[in-house]
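Once you scroll down, you'll see the structures, which are given as structure tokens.
There are two complexes below, and they share chain A, which is joined by chain B in the first and by chain C in the second.
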Partner chain A sequence: MLGVIYLMGLTSQSTGISVNREQFNFPTAGNQPVIALAGNPNTGKSTLFNALTGLRQHTGNWPGKTVLQARGSFSHDGCRYSLVDLPGAYSLLAVSVEEQVARDFICFARPDAVIVVVDATCLERNLSLVLQVMEITERVVVCVNLIDEARRKNINIDAHKLSTALGLPVVATAARSGEGLNRLLDVVARVVHGKLKPEPKRVQYPAEIETAVSLLEAKLKGVWDGELNTRWVALRLLEGDINMVEFLAGDRDKGKIVAVREVLA
Partner chain B sequence: MSGSTTLNTVLAGEHVLVTRINTGGSGSKRLLDLGLVPGTRVEVVRRSPLGDPVAYNIRGAVIALRQEESSQVLVNKIL
Partner chain C sequence: MRNCRTPLEPLVEEARKLAGGRQDAFREHIVQSIYHTAEQIAAGSVIRETGGRIDWDRKIDNILTSPVWGFPIMFGLLAVVFWITITGANYPSDLLAEGLFWVEARLTALFVAFNAPDWLHGFLVLGVYRGVAWVVSVMLPPMAIFFPLFTLLEDAGYLPRVAFNLDGLFKKAGAHGKQALTMSMGFGCNAAGIIACRIIDSHRERLVATLTNVFVPCNGRFPALIALAAIFTGGAVAASLSSLATTLAVSGLVVLGIVLTLLVSWLLSQTLLKGIPSSFTLELPPYRKPQVGRVIVRSVLDRTIFVLARAMIIAAPAGGIIWVLANITVGDASMLTLMAGWLDPLAWHMGLDGFILLAFILGLPANEIVLPVLIMSYVSGGALMELNSLADLRHLLVEGHGWTWLTALCTMLFFLCHWPCGTTLYTIRKEQNSWRWTMAAALIPTVVGIGLCMTVNYLVRGLGLV
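Moving on, here comes the complex of A and B:
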């Protein structure tokens, strides 16, 4: 029997990092790989979610529809996967609740793979989110969805070129008709099982920023090595991201609180 | 001639290039996330009946901005 569990919107008071999946209501039993669906609003994440899981999570065209994340599962090649439909976000800089839910999940629950769904008809405006997600994790697959719409508008997407430019696997799909979904799952499965290792071409910042990042990163590594992407956290701290400071300070481990203060000093 | 006018003063049907975002902090982050980075071409699509908000075509998506947001965006008109 398939069931869908709605998770509470994760706000800063309900999270606080202990950097694990239980916090995100993930029973770790069964060890199913966890795959997250991220993307700008209105790119067809929920349609893709439904097509893959066979569930009927509500789809519709208005902002903030998926504030709660929905969870389901699917099988591919004899392996069972958990799939999480994250709310639509333009960015992971966490201005709105939706964006914060998406960011916390990718950053702290650390899914085994993230599928970033982008709209083939306006690819350019979707790519900034891809760049942000690949700054957090390298296990990213880009799903160029609505490829049928794009074709109708005479837009040709060169998936190979995009893949080379980003250093990530790219699969074109039309979730509504099911086109490309098998290929998408093949690629995702290979990323999850380590048979395909994306090498994202990450943004290099100007020298003075890079220097500051490595200084901060060295300090963060002493506390959260292996638990967090320290480069990404360092960048957020340099930006003066208050939420991120609160998160780090909210870590239950007191030794870490002291360390945060030191890091920020 | 950088940022000769602000986006809220541009008339429907006109095209502009973004030169700068004025606010600091999360307000400007939001605008940047929507694709309003310097060098972006923006088309003013139409004004709502009361004049605010206004719909803009930004990188392939039509997005409505309020006066308080669009007045922070410095632009040059494309002739």
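Moving on, here comes the complex of A and C:
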């Protein structure tokens, strides 16, 4: 509660498509790379955040504790990074305010890397968020946290197999004791500086959807190449994601974005 | 607002055509594929060693959230936390008071040595310093014990179990089950509890939780409640039982606060905020061994010092103001006595006196200073006295100002329900973005508090119990 919480500046301007980092309350000074922490509720994101930044964002063992995003920074190998602790979300379908906040940040603030923190003791449920995040950006590092708890419960995670299956770097950590954090930072730094290029193996959908996606994607390519992942936008348009549709159609006064503004104002 | 580079409506239209009215089916397929993929990947990379391991989490949950044991254990834990706080706070509290008033004596000596004018000494030492000293010695020990204990429970994962236990009750009250969590946060600080209300998605239920959060006593009010309970309940029984009696009294007040929370939530959802409670899933996180060392350090350094600093920043000027009010005379009465006199009629009906009500009003910036303000206004009116212990305080209240146990009870009840402190009101205004709801948040508990005090007062006096 002590001044590390920053409100996200989701004002009417920032709902435009050219949303940039300043509108997510990022200082322009220094051009520090921005790293986002995403993950299901109660997977230890805030503990990891504190361990990395030395800040004291309040942690607590209950889901939904981080309602806002906290922001801090840390140094690794002589380079300074900004770190954003996103609210816990089970998915990026944007059904809750937390999910919307997380999705908008990953999508429009375009962080230089996203660390998706997953709970080693219930990997399966946590993986769906990873799969969704890597549809938006390829710069994803999976942090299999609570590995100590998993060991106690006799659950072994084969990080190598997981990494191959996802096409993403995977690091096992125990944020509470600091285990694996250095390795995590090494990997994140390599991803940020382009020395490691994850090649996510994206989810394949039924043929009917894939066909529609490729048709739509072709048309989207000319519009936001490099700004938004066109496959992801195509999928959202196809499933009629109300927020996305209204958002892209420029109808900024409707839908959930209003709700976010109301909550975070 | 920058415009998009190309009109997007055609694309949205195109997508609608491609999906051919089957957008919901598409969405379902997409979600299914994601979950299916996650399942496959997990199956390939997770090895569970099967062994004769016992699932302790489940076993503990079966007890902590059982219909039979859930509530008794919950209230038992609450009582244990208070008991440790009350018993543990006594000794350091006396020690601190002694030390701080020793410093006061030295300060006075210093002022005398420099031939400082009386008003300066009065304002700075008897006003500002004494105000701060009281806040420190009364508040610091219980806070330094309560905060870490509460954080330990939170860290271990007990709070979601509380929410689980209370879910049914909140639902019956037409409120959201997560309100149990925001209520629990309110025990620490109501302003923090109000911010925590963001975890409730529905606007109606978030408002219910916001408007009723103040019914659980925050850390700014606990020390005062504990002090009053110790004097009037603890003092009434044998010394060996006094901690226990105080604990029961404070726990009883907290339970009353929870009952009022539920009752007012129910009333609100029947009237101003009509609606049905929305359902939600609450994950019961695994129990985790709390990081005891870190919890203690962090909760002492962050929360305790933070709250204390806030209290002192407010107590210092308030102490000065009280001293000024007590020493500016209009006619032959001080401003303070005059103001208390105006409030006397209403206060009398509530079983209080004008000074008590005035202290609550002057304590608007922070509840922490209500009791110190009251003491200062009692003390500054007559002969100055040093209050080194709770026994002195009892003497001041009972002999000096005619308190009975009814006065203490009504004061405690009004502590439980009156307007939220300035910080909380400011937070509500910011969160709800509405002056109307902020006013409601101030009025509702105040009306409840006045009603409650009056009822108790008339009942007790009518029955001739005092």
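The rule is short, and it goes like this: the second predicted complex is superposed on the first by the 236 of 265 C-alpha atoms of A that agree within 3 Å, B and C clash if a C-alpha of one lies under 4 Å from a C-alpha of the other, contacts with A are read in each partner's own complex, and residues count from 1 in each chain.
In this text, a contact is a pair of C-beta atoms (placed from the backbone, for glycine too) under 8 Å apart; a residue touches a chain by one contact, two chains touch by 3 or more.
Everything numeric here is computed off the predicted structure, so don't read it as measured data.
Of the two partner chains placed by superposition, only chain C is touched by A:Gln204; chain B is not.
Of the two partner chains, neither chain B nor chain C is touched by A:Leu196.
Judged by the number of chain A residues each one touches, C leads among chain B and chain C.
Once the two complexes are laid over each other on the shared chain, residue contacts for A:Leu215 go to chain C alone; chain B is not touched.
Chain A residues 93, 121, 124-125, 128 lie at the interface with chain B in one structure and with chain C in the other.
Residues 1-6, 8-9, 11-12, 14-16, 18-19, 23-24, 26-27, 29-31, 33-35, 37-51, 53, 151, 154-157, 159-160, 163, 178, 181, 189, 192, 195-196, 198-199, 201, 203, 282-283, 285-286, 288, 291, 298, 302-303, 306, 433 of chain C touch chain A in their complex. Those residues of chain B that touch chain A in the complex are listed here as 26, 29-30, 33-35, 58-61.
Put simply, chain A touches chain B in their complex at residues 90-91, 93, 95, 121-122, 124-125, 128. Within the complex formed with chain C, the chain A residues making contact are 1-2, 12-13, 16-18, 41-42, 56, 58-64, 67-68, 93, 96-97, 121, 123-125, 127-128, 130-132, 149, 153-159, 161-162, 165-166, 176, 203-206, 209, 212, 215-216, 219-220, 222-223, 234-235, 237-241, 245, 248-250, 252, 262-263, 265.
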